[in-house]
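In the two assemblies presented below, subunit A is common to both, partnered first by subunit B and then by subunit C.
Let's look at the complex of A and B:
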């Protein structure tokens, strides 16, 4: 018996260790090196790197573009997860409970499966493709969006969406929301399907309206999913590199209006040859993401609602 | 402005973006070798016997590795030169690589001191020249420049190049890069369109404003520009300032002199550009257009004039309607009292060729460049790409398109009156500050004096920054 157990551990170790090793070499050690590099002035081509202490981080505080990147990522962190989750919940609820069968039972609307697939579709496209498509939509003269506004007589609302510092970041955030909302709708939908019908029917019989049912019963039962979605979307919002790089002026937007940390990092490393400085940005981003994840999980912790 | 802003450079496609994203993740991994090397022992020079026919002493048997940026110009011209190399050194082998991301592929090899023998360091992912020089990674090309030219042994290689080419590759008084293509910047229009309306291209800014009024009356937007990349609009602005202020103005700007950006000609040129916007002479929405979108609008006749470099014709090949017959003209002068004539041209070479210091066969690398920069190889390039090579007279007698023809005549008309700003390659962060400011100027969110103020601030900050290597001219 003991020998068998011993054998089992050896087998498990044999199975896990190679993975751990790969993880250490390709994930942990680059991080560790990035931490070290952020304290040097490495240029990316020379074999030499001088230790400069916290100088790179001090310079970050004076870097106008980096500060606007922080501000922009901060705004994205507020808007993107919130908008995506709310929309995702709403769409999922509509698809699952939007219709009504008989007098009491809540039911999915007709063609619900089709909507799920249609909304999920953007998820199948890689983000750069999504960005390129939306660049066409936002085209100031021939774009769909302005074309639509002009067609319905709202000429005054037509804008150079990506060329206006007041709008560019919002236009980018809309794309991020659009591209991810389908995934979360499907995720929430799947969770909603596991909610027992009798609970919902009981609520309806007790006279709860749809909104109340959604707010008081469905969302609490979905809370774990919402929490995970919030963390994932937060990480997405802290990045934003691909969309900004493809879509906006500069790139980085008119006068840095859509500058994000990832973009500044890329520019510092590969355009300016300042890998040390770029590593400092990367380290900052790492801690921001970590802090966000911790806070998000802590702050949103609440009593688990379970169906017995 | 950036000499390496060749057509392919700014077109982000899915691949470049994905790669960019991947680099973001991989950057720390690349740094694994940062501490591995550092000894500066010189590589064996591997020099063969020199002769009149082989003045650089390229070894006959040594293999040669050539890495070419395969962008808008492809790499057939380089393969052609490699064939010529092999004919001259039959027992050598040439290893050719045509790639798109030069920096990504070669950065680890430079760090590990195992670079190829010749590098065409071009494209969005190129390595920063100043950084390479500061790290002592490049061979001084003086010997090549003083060697006799391949097609005319009576002249040295340096005497066969167009004006400015050697200066473009000079850093700290030494030549480290030789640029193969010659780019000029100006304003483009369709000749038949102008003929049809009886418009004449003006040589002064006053004339330009008068013409714009006429064009607008005809129902066409006078100008458009590549708003997503405001540097395109910088070019006419800075060219007008350079003509008005002369070489001293350009030098003051490049040398980060205090107050350089507040010189009157720069303010006047900024005012001129702001006026285009103020009078509604810019195609509306231009500020949000990418270079391809703006250029397409221009090719479709929605705007009459667009600023761009001489690569425009090649870049627009697929989307220009027949009979559009585009031509490039020099930027108009601001007024009387200009230090340079109307014909003066902003010109610079690009497609930058290097011989790494730690190359295994540096002699072969130099000899390859001697072949590439000879008239037959350069002429072949011009035939393949409708682009002016930096070898003087390489297109003489060739029948060329209207665009390339206009560029060629502009270069001839300019003679020695060419100029170029270097701050863009020396100080990339300053270039970004200028781009951002000009973008704001063209949308009238800043005034010309605010434009000058904010650029001056960026330049002053850069001048104070002790971590940035400074250059002067």
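Let's look at the complex of A and C:
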């Protein structure tokens, strides 16, 4: 088409270059530099960086706090996505198929719209704000959680949630799950609504119970969404910086119990000025994230179920 | 088709179905509702508690956590807004996020459109270059980014934050809009070309309006993502006068001096949550469908 040729490259340059320039300066170049910096002893002050090879990475393996960070991020990587997805799926299924209308066994529950509205809200709050809120909830004396436990006579269960090394990380993970479940519930719910009714009715007519319908039909049809959710949540769990930094005092909570890689990196760089060392943590986190994404996408690959 | 043969042996007509199922169904309904109500309580109670506490005196917060305030203490809010600088943090957030959002949408849709609808050498490479940014954790770039921004003299400035926010929002925006622009019909664009429309004209006058649903989805997604930024401002925005809302509130709650002022902190927290809540109440349908449409496709 002759008309389309006219000025094509001028338009393309105008469309792509501004975005590309911004992206190259602030995203690509820092990412590329990070790999080199991780191999230096740069402390920023002298402005001089000496090449030290893999020294930083070797030191990471002896860094007790970094090793607890690895362990904590690993646990979060398992617990946060699994808990969020299971809860999200369950709540979505209850809202979409938990009710019954006349003889239709799989119907939306009454008030389903209200639940979706209410559950979704925490997702809109930024994580540091959620963290400030939960800092109050977990407060040992005046906090909502202990106040509730004492009010119902369960004084024995009251704890210094964020001060107890055995509980702090779980308290932090609960906050991440709390803030994310609503989003994934609405996401799964939207996907469930797009499942044709006759597929579900056929399953019910064939005698499938609700649980079997959920497990055998609904979840497989949602598998793409579950997979995406798992990757997103995994990345969230590998971060964990904002909640930990705001909620737990000192470096990585009591006894390093809530130390995460991001926090160690932030502290090394911007508190101690060990930029090379911090960059090495960043590179480690990058490879962990990459490995996680590849494994998650491969391991959960199933035959795609197509409707049409 | 064996349905006719099967039917006498296993009667599963709709008429038969409800009888055995209805009792367990009723119990199931109750359990379903209990579970749903339980999670609703878990979500709303901490939020309501914060709002109610923001209207109490410090004494009331300590002594009677479960009652409503005897006298709503609105001066907690004004104290938080002015003395604790929540007001100026708020304005900073609005400026930075608003500008970055416009810039992200403009640059992102241009790049996505060019890559989705034109063939030229290097197209694939550029696409993957942009989309690769989704995979990389921000932490990887953090240390070098700090020095890039510092060397450009943009540390602790609005333009610095705006440009960095935009750059980091581009990968997902390009990825999302790329697939969106690909699905748009070519016939209308071709007709416009034949009518003598320029490339830019086709983009702004034909394709952008067609892409509106996608733009709204990714716009909402980006707004929340940018509003929720914490790590980037924490590192690149050290000047307390320019703190954005989340950053400022977190700093307040961490700083020892403000710890004793519970009611003031609750007020700051409530002020930080209210606009989002208000927007959500007004636009909740669009926000939810927009955000989830982004992920469902």
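By our rule, the second predicted complex is superposed on the first by the 285 of 308 C-alpha atoms of A that agree within 3 Å, B and C clash if a C-alpha of one lies under 4 Å from a C-alpha of the other, contacts with A are read in each partner's own complex, and residues count from 1 in each chain.
Throughout what follows, a contact is a pair of C-beta atoms (placed from the backbone, for glycine too) under 8 Å apart; a residue touches a chain by one contact, two chains touch by 3 or more.
All figures in this text were calculated on a predicted structure; none of them were measured in a lab.
Of the two partner chains placed by the overlay, only subunit C lies in contact with A:293; subunit B stays clear of it. In the superposition on chain A, A:165 makes contact with subunit B only, while subunit C stays out of contact range. With both structures placed on the common chain, the touch criterion links A:183 to subunit C but leaves subunit B unconnected. Of the two partner chains, subunit B is the only one touched by A:272; subunit C is not.
Using the contact criterion defined above for the overlaid structures, shared-chain residue A:81 touches neither subunit B nor subunit C, since it reaches no partner.
In the superposition on chain A, A:26 contacts both subunit B and subunit C. Once chain A of one complex is fitted onto chain A of the other, the partner contacts of A:248 are limited to subunit B, with no touch recorded for subunit C. By the touch criterion stated above, A:128 is placed in contact with subunit B and with subunit C alike. Look at A:41: by the touch rule set out above, it reaches subunit B but stays clear of subunit C.
Touch counts on subunit A: comparing subunit C and subunit B, the chain ahead is C.
For the contact definition in use here, the residues of subunit A common to its subunit B contact set and its subunit C contact set are 26, 29-31, 33-34, 37, 44, 126, 128-129, 131-132, 135, 241-242, 245-246, 262, 265-266, 269-270, 275, 278-279, 282. Only residues 12-14, 17-18, 20-21, 23-24, 26-38, 103, 107, 110-111, 113, 125, 127-128, 130-132, 134-135, 137, 227-230, 283-290, 293, 297, 302, 428-429, 432, 435-436, 439-440, 443, 445, 467 of subunit B touch subunit A when the two sit together in their complex. Those residues of subunit A that touch subunit B in the complex are listed here as 26, 29-31, 33-34, 37, 41-49, 65, 126, 128-129, 131-132, 135, 138-141, 160-165, 241-242, 245-246, 248-251, 254-256, 262, 265-267, 269-273, 275, 278-279, 282. Those residues of subunit A that touch subunit C in the shared complex are 1, 3-4, 6-12, 14-16, 18-20, 22-23, 25-31, 33-34, 37, 44, 87, 90-91, 94-95, 98-100, 102-103, 105, 109, 111, 114-129, 131-137, 142, 144, 147, 151, 178, 181-183, 186-187, 190-191, 194, 204-207, 210, 225, 228-229, 235, 238-239, 241-242, 245-246, 261-262, 265-266, 269-270, 275, 278-279, 281-283, 285-286, 289-290, 293.
Every residue of subunit C that touches subunit A in the complex is listed here, in rising order: 10, 12, 14-15, 17-18, 21, 25, 28-29, 32-33, 35-36, 39-40, 42-47, 49-50, 53, 61-62, 65-66, 107-108, 110-111, 113-115, 118, 120, 126, 129-130, 133, 135-137, 139-149, 163-164, 166-168, 170-171, 174, 190, 193-194, 196, 198-200, 203, 224, 227-231, 234-235, 245-247, 249-250, 253-254, 262, 265-266, 269, 272-273, 276-277, 280, 284, 287-289, 291-293, 295-296.
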